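The first chain written gets the first letter, and so on, giving A, B, C and D; residue counts start at 1 in each chain.
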Amino acid sequence: MSDLPFILFSLVAACAAIMVITRAVPVHALLYLVVLLLSLAGVFQALGAPFAAMLEIIIYAGAVIVLFVFVVMMLNLGRTDRDRERHWMAPGIWIGPAILACLLLAALCITLRALPPTAGPDTLVPIGPQAVGIMLYGPYVLSVELASFLLLTGLVSAFHIGSNIRGTGTATEEA
Amino acid sequence: MSAASPTQALLLATILFATGLLGVLARRNLLLMLMSIEIMLNAAALAFIAAGARWHAAQGQVMFLMILSLAAAEAAVGLAIILRLHAAGRPTLDADTGNRLKG
Amino acid sequence: MIALPALILLPAAGGLAAWLSDRSRQASSLSWWVAITTILLQALLLLVITRTADWGHGPWLAHFSAPWIPALGIAARMDMDGLSLVMLWLTTLLSFPCVILSARDVGERPGLFNLLLLATIAGINGVFLATDLFLFFFFWELMLVPMYVLILQWGHEDRRRAAIKFFLFTQGSGLLMLVAILGLVILHQHATGIVTFDYFALADTPLMPTAAMVLMLGFFIAFAVKLPVVPLHVWLPDTHTQAPTAGSVLLAGILLKTGGYGLIRFVVLLFPEAATRFAPVALALGVAGILYGAWLSLAQDDMKRLIAYSSVSHLGFVLLGIFSGSPMGMRGAVVQMVAHGLSTGALFVIAGSLQDRLHTRDMRRMGGLWQALPHLSSVGLFFAIASLGLPGMGNFVGEFLTLLATWRVSPPMAILGTVGLVLSAVYSLTMVGRAFLGPPHAGQGTTHTPPPADFGPRQMTVLGLTMALLLVLGTYPQPVLDLSLPAPAHATPQPEGPHP
Amino acid sequence: MDALLLPLIVVFPLLAAGILFVSAGRLSARPSCVIGAGSVGLSALLAGRLATGFLASPPPTGALHVTLWSWMQVEGFSTRIAFALDPLSLVMMLVVTGVGFLILLYACGYMHDDPDIARFFGCMTLFVAAMLVLVFSSDLLSLYIGWEGVGICSYLLIGFWHTDTANVVAARKAFIVTRIGDAAMLCGLLLLATQAGTLDIAALLHIVATSPAQLLPTTAAFLLLGGALAKSAQVPLQTWLPDAMAGPTPVSALIHAATMVTAGVYLIARLHPLFMAVPPAMTAVALVGLITLLLAAGSALVQTDIKRILAYSTMSQIGYMFLALGTGAWQAAIFHLVTHAFFKALLFMAAGAVILRVHHRQDIYQMGGLAPAMPDVFVAFLAGAAALAGLPLLTAGFYSKEMILQGAWHANPLLWAGALLGAFATAIYIFRCVFIVFLGTRHTEPTGRTGATMAIPLACLAILALAGGWMEMPDTIAPVHLLSHLLSPLFGTPMAEGPSWLLWAGSLVPLAGVGVAWLLWRPRTQARRPPEDAIARLARTGWGFDTLYDTLLVRPFITLGRLNQSDICDRLSDATAATARAGGRMLSHMQSGQVRRYAGWIAAGTVVALCLGIRP
């Protein structure tokens, strides 16, 4: 197995992530997010998780991003929003968060360095959907149920929040 | 040795997580903050996948599934809230005005 | 002896009765009569206890014990020695001015007022009797809460702040004491394997010097806040100033004495070695209290604050006596506590009456009251003179004995203490001069359409008796002196003496 | 029988005081007088009875001991309320009750119209009782009861007319200044009690005689001296006495001339073996006496208030007594104490009679030429003045002062010279007063008349002031030694007399003084007011002691106290509370509701947790 795809996908993912958080126009950011997710799918593939890679593409890059796109469309953003966004992204704003993020990065890196050296096999053996499926519906069936509950609550709450959106705020409070 | 080692994948996850955090902290637009959170979730997912690869265990991908469903639910609810706020007269989606709980 | 718990239950029950009698709203003074009856019954009960006590069979005079929480070694154990008896009598005597003079004039909800007053008295009685540390702590807290409500409900203009300050200081220090109690119990358990809160058992705990010092400090700080010792006295002036008259009397007269009692019973007797090592610091604190209290007392314009700071000064002598390390000092401290209770209690009655009549405590707005209120003023003069330690009054006996005991340990401390006596003359006479003597204040007499009422027979009788007690204490203190030496903690009393 | 009489002498005035206080103003003037003066008169009668019995058959031990009850008895210390009658207390008892009775009788007339007369007599009788306790006590601690008791009575009586702030302040000052001395004395008592375990005077003196070092006598003597100085208004604690003249005149006569201020003299005489064991203390006593007598005489020379003249003269005369004590002439000190009680009480009362008739004016320059209007008072005052000046042969003051001068000569001729200078000044100032008040032109027309209740005591005291000295005479004149003989069991035989020219000097100097006074202030040369200069102003204000104490002690103390009125400790505790509150507010600011900030805190926390986690 070659390590070239992994490195390529990793570089793309990192660059795409940085592009996502620096875009002034949400749609651009979304596009970079798609790039990020796709390259992450590649990384997964390289790590021997084809099932996860597929899910990443289908659900994330597919369903979730579409959700985002719909919302951006409904928000009806324009030039003024972009200008305001630029204004919000003045260089000074970045200092504090950047320091914090760098600190976190450093801390995590040191943690990684402090891990004991890997004693496992050098070669990666792909883990197919079958193994995942057996695991899911074996010992982890309860968490599957939980996940389904979570999705259900997400659905219900999204529906509730989003319903009656034409009326004013007070209307929902009464509901 | 192979470059696609779980350790390097973890390094990538770390970088992504820090980038996502940077986005959450620096951006005032709720939509962008939500996207940054997606990045962070993905970083966590990547860490799980890498760990699964390291130990040859399927649990990593199981956890990925969990994170996936969590991200989906979170995106759904978050976007609904954004829409709601927008509809209630907050067209700028400024997170810093979120402390005004009233619409 | 079953009378000991009765001494605690009686005021509590009387208080409830007073409260209930007020609820009927038939006669407004009914609850007052109930309270007076309770106090009288208490005095009778104490007389009976004194008469039937187990004289001549060792230092402990009466005992009571009943199981309470056996699993934790907690018992409702009470023992009375001479010291307890003296303090109980002081409590009983001072409840009379509290109830007869002050509680009569309570405007709103007199029933609740009487309930709280009597509950505090019940707690104080318990503190003076309990020989189980858990029970002691229970009573210690019991006497604080009603007092807090008293101040909060019937206090003067700045009562919220004062009440909270009082509560924080005393409760915080009480917590420290609880920690010390638990520490002692745990150390005792480590040493002997028995969990008990019994005073006499805990007194025999073998302790490392460091541990003993730490535990002793826990107790010391709790009682030092109550006494009060100087850096910890800050709650006292505010509380005394803002409390209703009965509250001030009770606070100054008895509540502070629980601090002195605790220092004797639970610091010096429970940790003798640690207390001896700590004595130089305590003596210095005592002298600091004497001088600092007197100095600040001199600078006050508010009459009640002046008296409050003078309390700080007087109770410095108590600390001095307790830690002088000799029985003489201990006896002097007890006499000083009794005399201070009587004289300062009476002074607070007078300050309270002045506030009722003139609606101010500010001495800048008084002056020349003697013409309008000759009785009140002469009584005030008497107690001011008593408080400056004139020989022949109780205060002098206490001060002299504590100073004598201190002189044996450290003459410089005793000399500084006598400087405090000079200052006490200064502030007492300044108070008298500013409030009672001199030309009448411009704002008074002329503009007040009815002149303020002077003390009537009721007040004069009660205060006259207090004066007589002070004089007797000053000229013939021997009974109190004989009683006042506390029984040693190691002399375990017999569970039930031959005389029940 | 005598053992019962002794306490009764104290009990009568005490009882009277009790009745007068309890009646609380319900008594009118006449019963108050009867109770007040009557009780002291009864005491005086009993005292006379006791004295004759004592003189006729002295007790074998030299003193009559009555133990009343045990006051305090604790480990290592015990004290009793106990009385003892020995020659010294006998003399004092007679002075206190006798002069006291005369003054109270006088007060009946003087205070007749005062609405608070019951309170006045209550305080006066209480004072007499306390003074008797002081005199009788055979235990230093019960003596201390009387000691402080007379102090508080003095306070009450100086401030008797309490509507005037000045009186109240003067009373307070008197009590506090003496209280400073009392504190020193208390320290002395504490020291003695610690060292000896008892404060019984006889026991203490026994220890002094056997092993004086046990008592740390130097420290003890100086501490007790502090108390005596304050009580007897000697330098440097003398500032209270002139201000104490704010009280009614009988008070000045009884307390601040005849009895209380001599308590210091009594104390030192009572404990004379202790002082004799400490020569530096003796020197100090003598020097203090000399300095005081000169300074006070100087002040008296320039005063214009008649009562202040007498006050300074009292200080000066007590200075003589201290000088006598310091030179070991104990009999002389007590003799002068007695004669001084006679003539100074007389002077005060005569001055009071004058003041009453010139509408409560006290400035001598506003009087003038009063002799024709009130010849009886003039005669009385003249008798007192002559005795004070010590005019030879005829007056009591001459004999007692002569004895003191003899003692001073024996100790140190310089002391003698100083005392003689003082005698010269004394004659000048008192006759200045006589000439200005009673001779010359009249500035105020006197009204009224001096009643019998006031005249009789004046007459009695005038006789005593003149004839009282005949109980003790120098051998050169007549070998009469009644007092020395009486006191000899205590003090031993007095010293031999010096050369006879001492007597001549002592007789001529006062006469010279009177002559000088006549030259300066005889009616024809009387100036309206003397020209002021700096020294006169300084002397009039008591040589600046007041100002000194005020700037050095009182003001800084008060100012600092005012600054700290709200209690720095309290402020500290408030500051703690404020800090807690500010901290809470700061933390509540963190709850801003801004999502990004929360996220930031979460991230920061994560970083911290990670840093803590990776630390091995």
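By definition in this document, a contact is a pair of C-beta atoms (placed from the backbone, for glycine too) under 8 Å apart; a residue touches a chain by one contact, two chains touch by 3 or more.
Worth saying up front: this structure is predicted, and the values here are computed from it rather than measured.
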item	value
Contact-richer chain pair [C-D vs A-D]	C-D
Geometric centre distance via CA averages, subunit D-subunit C, whole Å	38
Interchain centroid distance [CA atoms averaged], subunit B/subunit C, Å	66
Distance between chain centroids, defined by C-alpha means - subunit A, subunit D (Å)	100
Length of the line joining the C-alpha centres of subunit A and subunit C, rounded to whole Å	71
Junction residues of subunit A, two or more chains touched	96-97, 100-101, 104, 108
Shared interface positions of subunit B, touching two or more other chains	21, 25, 28
Graph class of chain-chain contacts, one of line, ring, star, complete, other	other
Complex interface listing, subunit A residues touching subunit D	96-97, 100-101, 103-104, 107-108, 110-111, 114
Partner subunit A, residues of subunit D touching it in the complex	600, 603-604, 606-607, 610-611, 613-614
Contact footprint of subunit C on subunit D as seen in their complex	21, 24-25, 69-77, 81, 141, 144-145, 147-149, 152, 155, 159, 162-165, 168-169, 171-172, 175-176, 179-180, 183-184, 186-187, 190-191, 193-194, 557-558, 560-562, 564-565, 567, 569-570, 572-573
Contact footprint of subunit D on subunit B as seen in their complex	21, 24-25, 28, 33, 95-96, 98-101
Interface residues, subunit B side, partner subunit A - complex	1-12, 14-23, 25-29, 31-32, 34-36, 38-39, 42, 45-46, 49-50, 52-62, 64-66, 68-77, 79-84, 86-89, 91-93, 102-103
